[in-house]
Each structure stands twice: as structure tokens, then as C-alpha cells.
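These notes open a run of structures that come right after.
One chain, chain A, links the two complexes that follow: it is found with chain B in the first and with chain C in the second.
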Partner chain A sequence: MFLLAPGLLFLGLLFAWSMWIMLRYSFYSYDGGNLTKDWSLESWRRFFSDRFYWDILWRTAKLGFTVTAISVLIGYPIAYALTRIRRQRLLVLMYVMIFSPLLVSVVVRSYGWLLLLGRQGFVNQALTSLPFIDEPRRLVFNSTGVTIALVHILLPFAIFPMVSVLTQLPPSLKEAAMDLGATRLQTFYKVVLPLSMPGIIAGAQIVFVLSISALVTPLLLGGGRVFVLSKLIFQNITELNWPLAAVQAFVLLGMALIILAVFSRLNRATYAARGSD
Partner chain B sequence: MTEKRRIDVISIGLYTLLTAVLLFMIAPLVFVIINSFNASSFSPWPPTGFSLAWYREVLDYEPFRRGFRNSIVTALGTTVIALVLGSMVAYALSRYRFRGRGLVQAIFFSPLIVPRVAIGLMMFVLYISMFSSLFGTTRGVMLAHTLLVLPFVITIFAANISGINPVLEEAAQDLGANPVQTFIKITLPQMRVGFIIAGLFAFITSFDEVEAAIFLVRPASNTLPIEMFLYLEQRQTPALAALSSILIVLTLAVVFIALAVLRGHDLRRYAGRGG
Partner chain C sequence: MAQDDFDVRLTDITKRFGDAVAVDNISLSVRRGEFFSLLGPSGCGKTTTLRMIAGFEHPTSGELRIRDRVVNNVPAFKRETNLVFQQLALFPHMDVFDNVAFGLQIKKLGKQEIRTRVMRMLDVVQLEGFDRRRVGQLSGGQQQRVAIARSLVNEPAVLLLDEPLGALDLKLRLQMQLELKALQQRLGTTFIYVTHDQSEALTMSDRIAVMNRGKVEQVDAGREIYLRPKTAFVARFIGETNLIRGIVRSCGSGEAVIEIQGLSLRIRTSLPLNEREEVDVSIRPETLQLQSRAEDATHHNGAANAFPARVTGVTFFGSTLRYQMTLPSGLVVDAQRLAGDATIFAVGDEVIVSVRPDGPVVLRDADGAGA
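Our next item is the complex of A and B:
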């Protein structure tokens, strides 16, 4: 057990202790730029009674759901297509292309999207060369740019669990369905899709949690216009309102936990459905 | 016949989408590299001319040089701590069955659920209220990064260890080696693949991480991606593209070298087994 002790000590000291201190900070009072260690519910009350914060909460959730939905809708066919590729070298090349963005900093990737989506960027040049678009579109410094960049950053996290579920699917199941007279489309909807639900749900969980906590991408591609919870936390730190930042961090953590729990419940439902068939 | 034709339509659609997504994935990196040679400081498309000036500018820019040094130190420290702790924990979790194993596992994976921004803030309040000497230092960022990468490092080692045959360890013990000797002489060499992959992962993650570190730094301890972020908030000259291109090439080089080492190592092992 001496193997576990250093790790547990490290984690306990850093993780549990810092969580505890952050909880205490959320109950300190903050008044006109001064932080005092008097117990107060003020920050919690302020967060939940102000419509501005509810609005930010809603926007953060909406961004999370949009990015998750797009990532799953694009990621699933991609994962499916990848499992059908038989040429090994081609497959390796494709995996490298999909996962290589993970090797560079999120700052570099966001910068790349700033270049591509900017007013004079490649995408706008291509768009305005089309006959029916003559004005450059505003693609950055709004939620469109943030959504595109977040999908790009998080898509590998959606694809990975879906690929691993799809490759584990025994081909005999598909063959059995086809032998029993199902068309390819029916086989897909009745056999492949339900059985790959756990991969879809796992991908959605990861993408949602990572998208609501993204900070750099909304800051860079959102300009001053896209407000999300993580941005408020960052702002409150610089404005020395640490109690409110702590409350917002707990709300963000709460949102992540709720979504994880809901999706896990969904996952269990699919297993249950499979069991009763 | 109609059935057949529909399948082809589906396949064509699927592979078209795949091609489009593959291009989408590499597009930002490709355009960053192209733009690093752009003569115009406003980064327009198409580039107005070819220039290497941005590379010179980046290499002489002191905040980036300092950031690079800080990032290297932070990433090396994170890698060492995470590998030592992670290999021990993974070994204990996969070799021993004990009461509360599930709980211990859950504890080690709990940092995964917490958003990075929240981890940054947690460490920030911990440092300023308890360990003020850690705030604004590379050591402070190192500890936060270790927390972030530890669950992944443990997972990689666990997969590695589960592939190691315990019979060899038992044989060593039967021949009179004590558990520590067995671990060092028998298990550790077989965990080399785990060390390379987990080490690579920890190093790259720590080197690139911004969202937790940004809460923990002072200007003197800024890591390279934080310097790049601050630079980008002010200006968007191709200097940043030049720096990004250097980093992309360096990272790819490190990954390919590591993969080559791994493959050679595996090949030798198989060759050894064959002979």
C-alpha cells in the first residue's frame, strides 16, 4: 500500500483541500472591492437572484448543447466511415489528421480559426467569390466563430469513443439481421445505432463538459461579445471578487455533474432496453 | 437494383463527409503555417508576398523566449511527478485487490469531472490562502498540471500493466527476489512503453495548457501558450503564426521520434522472442 500513499496524499492535499478552501471562499463577503472573511451568503444569493447570471448560465448551456449536438451529428458518420476503411495505411493517415490538432495548444488552434474566419480570411474570400454573396460575413467575434472552433477542438473527443464502440460490434450481428431480411437501412436503425448508443453518450458527455468549461476559445473568438460562465470566473478573479468566482466555479461544476448524471441515466436506459428485448 | 443504387449514394455521401471533415480538422494548422510566411502584418488571404521576417522576430521576442523556458520546465516537472505517482498508483490498482479499491479509483479519477477553469481557481485560492510561496511560480503550475494529467497517466499505465504477464514477477519472487527488487528488475523494464506514451501525453498536455495555468501565473512565470494568448489579444501579426509553426513542427518531431523508438523497441522484443 506504500504505492498508493504518495498519490493519495498528493491528490488529497491538492484536490480535496483546494476544493474545501474554494467552498469557504464562496461564503466570504466582498464589498466594494474589499474581500473580508466574514461569513455571508451574499455571493450565492447575488448569483441566483440576478437575471444577468441566469442569462449567462443559459448561454453557456446553449453553447454546450449546440457544440455537443453538432459534434455527435458529424462525429458519428465519421466514426462509422472510419470503421469501414480497410486500407491500413490510409486509416492511419486519417487518424493522424483527426487527432493531430490535439497535439497543439488551444491558442494555436483558435488563432488558426481567427485567420480562416476573419473579415479578410480564406472563408470570407471564398464566400464573396460566390455569385450570390457580395458582403463578407461576420464569422468571428460572435457565437458562430466560437461554435465552429469548439466543434473543431472537441470533435476528436466525440469520435474516439464512438469508433471504439463501433469496432467492437461483432459483424455477425449485422449479417444475422440481413439474413433475416432487413435492408441495410433497417439493419442500421435497428441493430447498429442502438448498440452504439453507449459510445455516442460517452462522446456527448466528454464534449459537453469540455465545451462549457472552455475559456481560451470564447475569449479569443468571441471578442468581447460572447459571454460564458468560464469567462465571468476569469473576469471576477482579475476584479478580485473571489467569492463570486468561487460560486460560479461551483455552478459550472454543478452543471457538468448534472449533465453527466443525466447522460449516465440515459445510458443505463439503453442497456435496460437491450436487456428486455 | 434500386437497393444497390441507394447503398452507393449512402457510401458516396459518407466518404464525401469524411473527406470534408478531414480537411476541416487540418485546415487551421495548414493556414497557420502558410500565414507564417505572409509578408503583410494584417494576415490577409491570399498572402501578399513571401517573408521569413516573422520567424526572426519571434525568435528575438523576449516574452516568448522566457515563456518557452518556463513551459519546458513546467512540462518536465509535471511529467516526472505524474509518471512517478501514476506508475505507482496504476501498479497498485491493477495488481492488488483490496477493500475500497473502487473508492480509491473514483478518487483518482475525480479531477477529470471538474472543469479546468474550476481547477485553476481552486489551486489559486489554495495557493493564496495556504501556500503563498507557490503562487506565480512554475512549481505551482506544475502541481496543478500534475492534477490534470494524473487520471490519464494512470489509465495509460493500467492498460500497459494489464498486458504484462504476472508469471514473470512470481518467478522472480520464487527465485528469492523481494517485492521491491521484483518491481525494479522485472516490472519496471516492461512498463517502458507506458512510460513513453504517458510521458509524451503529460509533457504535451502540460506544455500546451492554458485554462488552469492562467489563474496561477505572474508575468515572470507565464508559460509560452499564455504569452501567445496575451499577444493574440493585442495583435494578430503573422509572428504568432511563425511561432505556432515552429511548435507544430517540434511537437510532430517529438511524437514521431517517440513512435519510432517504441516501434524499434517492440520489434527488438519480438525479434528476441523469435530467437
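Our next item is the complex of A and C:
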């Protein structure tokens, strides 16, 4: 407890303090490029009454869900495969490969994707060499490119919690299911998958929160065409419209909290029977 | 014997893991309705043998039959066996009912039938009213019963048990042993039980296969294994014994005279022995008789298998006493007597130790004891 105190104090105070400042700013006035400390509900009203913002909110959520779904769908088989690798060296190599995106700066990584996904990029060259595709596809400066790049960087965050849950799964449970007549597929659906839900949900929560708040990747790979909430916040901050930025930040935080709560709820529901062991 | 009398038959089964031989050319037949135990120290191959019968390992060579069907390469989920795991392996995300119903649901039986059979089985293992409990809320003994119910509800031809009582405390273990035996007799299901605990095997089994280093040393009823061990390993592993090396002096007509450190011991045996052959003699401590040397010396001096000795140690075990005795030749043997005996000896007492000819067992070396 004593060991936790300094860290908790630091994090707690910083969080509470910044929240308080942001809350105050959200009620200030912004008029013709000037920020005044006049009490006003204008920013809140403006955000929630403008369909444009609702649309951005929806797009942000959609991007978050897409990236989360793809990360979990790609990440789960990888996590499962990792738990079955026996050779230590191969395992280390796999981990290095999976975590390699985190070792590269976001700017370098994004430009790498621009090169790969561009009109003349490697991916399009490969695609157009296929017999049924003759036109290069638009893969960057739209949500496709942003999604690909976000999955790339966030995949490790999805894989890690799933690996940790899967390695804790006793092999005897799978054997017990097969002993009772379940095929490999039935064993997977009835035993392995339900028991890995906590890992899947934890991974999904992290990926979702990180993807809806990502800024640099949508900015660079979206090429100004992909609007997400974080980008609006960034814009408003540079235009000194801090009240609106604060409101949008709160909305982003609210969305993250709601989704986290829903996921946790799901986790409890699927794992209700786990009991106290 | 008709093939039909056997539920499980292993013929020349060998299992290798890389270079290691886990099971070395064993043959076993388990009768229908029998409580059969595989007994041996850890690493003797008993669990591998059980896992081959369950279908989790496949024999490197040999033939494995379950109810007259060769199942060498049949996967676990297609076998008429169910295994109770050492770690129990109950599904933590399901309640008691769903755990027990798992196999029946896989078989896609009707809801009503599943319900009836699960409830009846919970009744059998004395867990009525526990159907909606979470597995984690149960005690060790209750979890044990759920694991057994989950397997038995499928009405397997053979129920396999891999040291399922290992995690329980002694008192509960003894109680579960009796319950398991009663359950097996009531249902008439063939049980194959793996254990390293000799008393567990003796308590429950109709027959026991004693295994050592991947081989089967002896298959017999518990009483036979205890009284008539066929190898030195079996004599040592089951119960306590004085295992002494000796030389055959003379043999014939069901009796042999074995010389042990200058003493001649007359032993009843049906082994075809040769003169001057070296053998092991197993003498159970409780077969040794003790008599005070002062009392009635003349009567015993001439008797067969009676030798002077001195008591050099006494240990009290409650209902029994263990005497350590040293013979003039320096040979040390243990004798076990009832604590309620009329005469109790103390360290330093001079005694006559004697044994009836049908007490000791003559054992040939493991390699020569194939017959």
C-alpha cells in the first residue's frame, strides 16, 4: 500500500486537476477567435445540436469498432498459436515480430504505410498484377488506410491479454471436453472460446480506447479526408477554441467510458459461472 | 476365454516419447465389470497406459482393443471410455448441471432426457440440490463427485480414473475410496484406476497390475500380490518386507532349502529352482514369530526355521510393534507383532525367531521371472 501511494497520488491528482481545468474551459466563451472567461453553455449546446458533430462522433465510433473487430479477429489466432509454440527461440522471435510496430516512431511508421499503400505502392502493384484487378485501389487518404495502420500498431495490445488468458487455460480442460465426445471444433466453441473471453474483452477494450483517441495516424494516413473526434479536438485547440475542444474531449472520454462499461458487463455475463476459484 | 469377457485388452503395447520408452511391451486384459488398478511409482508408465486407453496418446506399437474393437488410432472423442482427470478439469464457466450434462449435450440428446439423466447421476453421487451451484463454490470432495458424475453419466464401457483422490486429505480419501468401490459394484461398470498408493489399490481393486519402469511386474488380486509377490520389486513396493539374498541348497516336491548367511531356511515354493542358484527371499515382518530364549529352550532348538537372535530395536505403532532383530551372523530383520501380545520384548532380549515354511516367498531375479 505504501509502495502504491506515490504513484497513485501522482496519477490521481494529475487526472483530477486536468479534468477540473477542462471542465471549466468547456463553459467559457469563444467568440470570433477570442477566448473569454464568460460563463456559457454555448459550446455544449453547439456540439450536441449540430448534426456534423454527431456524424463525426459516429465515424469515430465506427473506426474504433472496425479496428477493434479486426484486431481481435487477427489477434486471437495469433495468440492461440503463440501458446502452442514449444521452442523458446521461435517464441522470442514471434514476440519480437508482434511487438515490433511499437519500436518504430509513429511518423516513420505512417510514412512507411503511405509508401506501401500509395497508388504506386507495393500493395497496389501486387493487387494490379492479379488478373481480376486492373485499376489501383485507393488505400490511403481514406478510412481504409487509417484502419490498416491502426490495426498494425494496436494489434500487440489485443494479442497480449489474450495470450495471458490462453496460457493460463489448463490443457486438461481441452482433453476433458474431447474425452466427453467433443470434436476439436466443439471443444473450441464450448470450452476454449468462452474461457478466453476475459482476454478477448480486455484486448478489445484497450484497442477501442486507443483507436478512438489516436490522432497522428488518422492525420497522416487520412490526408485531411478522415474526420475523427481527436482531429477536431486538435483543430479546435490550434484555433484557440478551447471550450469546444474541452466539450469534445469530454464526449470522447464519455464514449470510451460507456464502451468500457459495456465490455466489462459482457465480461461478467460470460464469466458469471466462474465462481470464486 | 471369449474375447467378449474383456472390456480392454492391450497386446504387446509399447509407447515411446522420442528416445524414452514410457511403456515397454506390456499386455493386459481387463475383465468386464472389474475394478482394475494400475499401481506403481511415478514414472512407471501407468498414466501413459491410461492415457493410451483414453485416446490421448497413441501406442507406438502393439494392439489396443476396447470391447473387441481395435482403437489404436481412434481419437478420444470417439471412444467408449471416459476419464476422471487428476486435476479434475471441471469446466469453470459452467455450473454443476452443465458440467455433468456436457457429454450428453454433445450427443444431442433431448432436453428432457438430459435433465433426467443428469439429475439421476447427481443423486447417485450424493449431490442432489447442487445442480445450479458454481464449480468454484464446491469443496474438494464435492468437485470430485462432479468429475465422476460428469464421466459416468455418459455410461462409458470403461471408466478411467487418473489418481483422482490425490488432492484430498487422508480422511476424505478413505471415505471416497469406499464410495467409489460401492459405486462401481452398484453400476457394474469397468473401472481402471491409476494410483501410486498401494493401500488405495488394495482397498478397491479386484485385480492390480503392478508396474515398474514401463513394464508390468505382476497382475493379480490384491491378496495374491501381497502374499505371493512374483518379483522383488512387487514384494518391496506392496507392504513391508525383509528382502534377503540366498542360495538354493536343495529343492523338490514343492519345497526348497535356501541358505542365508549360514542359516538354512525351509520354504514352500512352486518355482522350478536349480541347486546353487541365487535367489531373493521375501519375509513379511508379520510372519516372523518371536519366543523368549530362556522359556522352553529345548522345545525350539531343534525346530525348523528357528534361529537365535537379539532384539536391537523396538518401535511402537499403536496396534502393532516393530522389532528390529540382529542374528549372530549380523543379519538384521524386522518383525511385526501385535501390541497386545502376552510377551513384549525389550532391546537386548535374547529371542528365538522362527517362521513357518509357507511364510517366506522365493523370488527369482526380475529378468528370469518371466514365467
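In this section, the second predicted complex is superposed on the first by the 258 of 277 C-alpha atoms of A that agree within 3 Å, B and C clash if a C-alpha of one lies under 4 Å from a C-alpha of the other, contacts with A are read in each partner's own complex, and residues count from 1 in each chain.
Methods note: contacts are C-beta pairs under 8 Å (C-beta built on N, C-alpha and C of every residue); 3 or more make two chains touch, one makes a residue touch a chain.
Treat the numbers as computed from the prediction; the structure is a model and nothing was measured.
K.L.:
Is A:94 touching the first partner chain B, the second partner chain C, both, or neither of them?
P.N.:
After superposing on A, A:94 lies in contact with chain B but is clear of chain C.
K.L.:
Which of the two partners, first being chain B and second being chain C, lies in contact with A:181: first, second, both, or neither?
P.N.:
A:181: touches chain C, not chain B.
K.L.:
Output check: A:25 vs chain B and chain C. Expected answer is one of first, second, both, neither. What do you get?
P.N.:
A:25 sits against chain B, while chain C stays out of touch.
K.L.:
So in the superposed three-chain picture, is A:194 touching just chain B, just chain C, both, or none of them (first/second/both/neither)?
P.N.:
second
K.L.:
In the superposed model, does chain B or chain C contact more residues of chain A?
P.N.:
Counting contacted residues of chain A, the larger count belongs to B.
K.L.:
For A:172, decide between first (touching chain B), second (touching chain C), both and neither.
P.N.:
second
K.L.:
Do chain B and chain C touch any of the same residues on chain A, and if so, which?
P.N.:
In chain A, residues 183 are touched by chain B and also by chain C.
K.L.:
Could you list, by residue number, the parts of chain C that touch chain A in their complex?
P.N.:
Answer in residue numbers: 54-56, 75-78, 81-83, 85-87, 89-95, 98, 102-103, 106-107, 134-137, 150-151, 154.
K.L.:
State the interface residues of chain A toward chain B in the complex, per the touch definition above.
P.N.:
Those in contact with chain B are residues 1, 3-4, 6-8, 10-11, 14-15, 17-19, 21-22, 25, 74, 77-78, 80-82, 84, 94, 97-98, 100-101, 103-116, 118, 120-122, 125, 152, 155-156, 183-185, 209, 212-216, 219-220, 230, 233-234, 237, 242, 245-246, 249-250, 252-253, 256-257, 260.
K.L.:
Looking at the complex, which residues from chain B come into contact with chain A?
P.N.:
These residues of chain B touch chain A: 3, 6-7, 10, 14-15, 17-18, 21-22, 24-29, 31-32, 35, 42-46, 81, 84-86, 88-89, 91-93, 98, 104, 107-108, 110-111, 113-118, 121-126, 129-130, 143-144, 146-147, 150, 204, 207-211, 214-215, 225, 228-229, 232-233, 236, 240-241, 244, 247-248, 251-252, 255.
K.L.:
Could you please specify the touching residues of chain A with respect to chain C in the complex?
P.N.:
Counting only chain A, the residues touching chain C are 170, 172-173, 175-183, 186, 190-191, 194-195, 270-271, 273-277.
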